[in-house]
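Some structures are shown below for you to check.
Two complexes follow with chain A in common, the first pairing it with chain B and the second with chain C.
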Partner chain A sequence: MFRAVFRLSSTGARCLVRSKPSISAPLASRCYSHGQVETDEEFDARWVTYFSKPDIDAWELRKGMNTLIGYDLVPEAKIVDSALRACRRLNDMASAIRILEAVKDKAGPHKEIYPYLIQELQPTLSELGISTPEQLGMDKL
Partner chain B sequence: MLRLTAGRVGSLVARRATVALTTSSARMASHGHEVSEAVDMSKPMYWDRREIPLPDKRYKDILTPADKSLKEKEKGPWGQLSNEEKLTLYRLSFCQTYPEMKQSSSEWKTVVAGVLYCLGLTGLVIIWQTAYVSPPAPRTFDAEWQAKQVKRMLDMRVSPIEGFAAKWDYEKGQWK
Partner chain C sequence: MAHQAHAYHMVDPSPWPLTGAIAALLMTSGLAVWFHQHSMILMAIGTVLMLLTMYQWWRDIVREGTFQGHHTPPVQKGLRYGMILFITSEVFFFLGFFWAFYHASLAPTPELGGCWPPTGIFTLDPLEVPLLNTAVLLASGVTVTWAHHSMMGGDRKQAIQSLTMTIVLGFYFTVLQAMEYVDAPFTIGDGVYGATFFVATGFHGLHVMIGSIFLAVCLLRQIKHHFTSGHHFGFEAAAWYWHFVDVVWLFLYVSIYWWGS
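And then the complex of A and B:
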């Protein structure tokens, strides 16, 4: 009986060790048994580069945003910044506001993420002249 | 063929029924607006979905001259656009905002009411059935028969160790 108790406690200890503390930047990784796992920075850099393409077209913007929103994470401020600048190059104000709404929706119950994101993006928003949905009264029904 | 039989019977009801049943193309053509237009699914479509923030096409295809001039203004600095103009631009491209998409409806109340109503109707049907349709219960259900059955089971010592007869106190002649 004691051996069973020890076995149980050891698995319990191992479980505790295995679970990492929750990271603020969610990781988009796949559980390969071999192969490289992309780090957060690589992921962010890849997406920033995607949206920074100078001659990005509307389809690429839509595809990029829809794919990004499909991931189980809230995009970093620099990715959203890059996407907003892409909207500016495409003269698409509506999409810029839509992107802000979408990232707010992605945060879900974590209400502190969106204000932080807006705070980080404030310089870009002022520079490009993008109003947040709250400023336009769109967050109310 | 139906019209022939209606003519033979000569009753108003039959004639009205045949008119309802026959699908003359003339009738269909005159009521063209009732038929809904099929959406061309081979072209890009618009939809409001939380997981697809930027749909394949803009919401409003046909732009009024005012909209077109606003679109021209959009090419300039966005700081010059007023809040109303920004909202107009949004509504040109999108039908519902995210809060509007995420609105909950009271449809569930209708669904629950409908389910309970159907269950109630079924209950009434079953009550009527037991009163008028089911045959009388077999005599083995009578209280007297059941009592005799229990006595017989106890006399037989059914499950005497842990089950039925084990719960009967044979000395005192009562349940334990």
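And then the complex of A and C:
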């Protein structure tokens, strides 16, 4: 879950601590009558593992992204990082950029989340040579 | 005819398997000729031969069963197995198209925008004609069951009425679906969405037409007093086929029309 934005990072802007949007509500606050409750850390770890599969194939990458984007949350930077590295293994630049567009869209009206994510991912973006949609001018319609 | 000391049916020699095989050959090679040499004559001959084969082969089966008494209980059991196995093979046929649909829609490619429905595709509203189609087919499942119970209870008039109603509903479905096809905002050529949509629903529509014809033949036979209250397997086979067609539609509706929108 995207609680990271609310931890005061040494480099992050402190003004990011705003009113808690529902997206950061931990799973435990849902009214399940029974069933396993997964912690945010377990969720993140599960998805990082999914995208870290060395021989992940293109279908699995796309399926994983579609499932992830279907959830009511913005994926943590570490999950997006793992997905971007999977794109690198699959030589899929198009999907890498699309992932950035998708997480920006998932943030919805919370416009501070996407720049923070890009900031967190910058080392990976530079390492893998991935341009952001903004750098390519693709964010304008 | 010599007496047989068993209950099985040793079928008399028949030319129809051969004419059917020749028809299949002419139809398929005719298709290739049509594609490459723009002549439909070979395909047309093949199709006519196939229709003649089907008519005469099945007419012979009716003669053997209804008029000559060859369809004893063990023979009928074999026919039941046969129909069940055939329908099972048809299930696998559709399974392939559902596989294609889910392969494409669970992991949409970047060319589609990474989303489903793909960018630029305006899907049909599942709560409009497709929902009506669902109601029509479900109703036809009720009427065909009504026809069966009428037949088993010896109620000739109601069997004819309910079987007729089933066929009318099947025809109504076909008309509605044809109108949907004409008015759809996308075509079979519109990427993998159009391809999976029209191939899956198209083959389903073909099966609705085949099932309707099968039921119509049963109606004709019912009117001509072929069926008894205890022996009417041709009708049962048609009813099984019709239920199969209905179930395939339910999967199509839920997967493509509803989830896929």
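Please note the rule applied: the second predicted complex is superposed on the first by the 110 of 141 C-alpha atoms of A that agree within 3 Å, B and C clash if a C-alpha of one lies under 4 Å from a C-alpha of the other, contacts with A are read in each partner's own complex, and residues count from 1 in each chain.
Here, a residue touches a chain if its C-beta (ideal position, glycine included) is under 8 Å from a C-beta of that chain, and two chains touch if they have at least 3 such contacts.
All values derive from a computational prediction rather than experimental measurement.
Participant: With the two complexes overlaid on their shared chain, look at chain A and say whether chain B and chain C clash or fit.
Facilitator: In the arrangement built by aligning on chain A, the partners chain C and chain B clash.
Participant: After the superposition on A, what does A:M65 contact: first (chain B), second (chain C), both or neither?
Facilitator: So A:M65 meets both chain B and chain C here.
Participant: Which partner does A:A102 contact after superposing on A: first (chain B), second (chain C), both, neither?
Facilitator: A:A102: touches chain B and chain C.
Participant: Counting residues of chain A touched by each partner, does chain B or chain C come out ahead?
Facilitator: More residues of chain A are touched by B.
Participant: Where does A:L90 make contact in the superposed view: on chain B (first), on chain C (second), on both, or on neither?
Facilitator: Once the two structures are laid over each other on A, A:L90 reaches no partner at all.
Participant: Could you tell me if A:I113 is touching chain B, chain C, both of them or neither one (first, second, both, neither)?
Facilitator: Neither partner.
Participant: Which holds for A:M138: it touches chain B only (first), chain C only (second), both, or neither?
Facilitator: In the superposed model, A:M138 contacts chain B only, not chain C.
Participant: In the overlay, answer first, second, both or neither for which of chain B and chain C A:G129 touches.
Facilitator: Touch status of A:G129: first partner only.
Participant: Looking at the overlay, which bit of chain B runs into chain C, 19-27, 37-45, 73-81 or 163-171?
Facilitator: In the superposition, chain C collides with chain B along 37-45.
Participant: Which positions of chain A sit in both the chain B and the chain C interface?
Facilitator: Residues common to the chain A contacts of chain C and of chain B are 61-62, 65-66, 92, 94-95, 98, 102, listed in rising order.
Participant: List the residues on chain A that touch chain C in their complex, please.
Facilitator: Within the complex, chain A touches chain C at residues 58-63, 65-66, 92, 94-95, 98, 102.
Participant: Please output the residues of chain B touching chain A within their complex, sorted ascending.
Facilitator: 50-56, 74-75, 77-81, 83, 86-87, 89-90, 92-94, 97-100, 102-103
Participant: Tell me, which parts of chain C touch chain A in their complex?
Facilitator: 103, 106-110, 113-116
Participant: Inside the complex, what are the residues of chain A that reach chain B?
Facilitator: That would be residues 61-62, 65-66, 69-70, 88, 91-95, 97-99, 101-102, 104-105, 128-131, 133, 135-141 of chain A.
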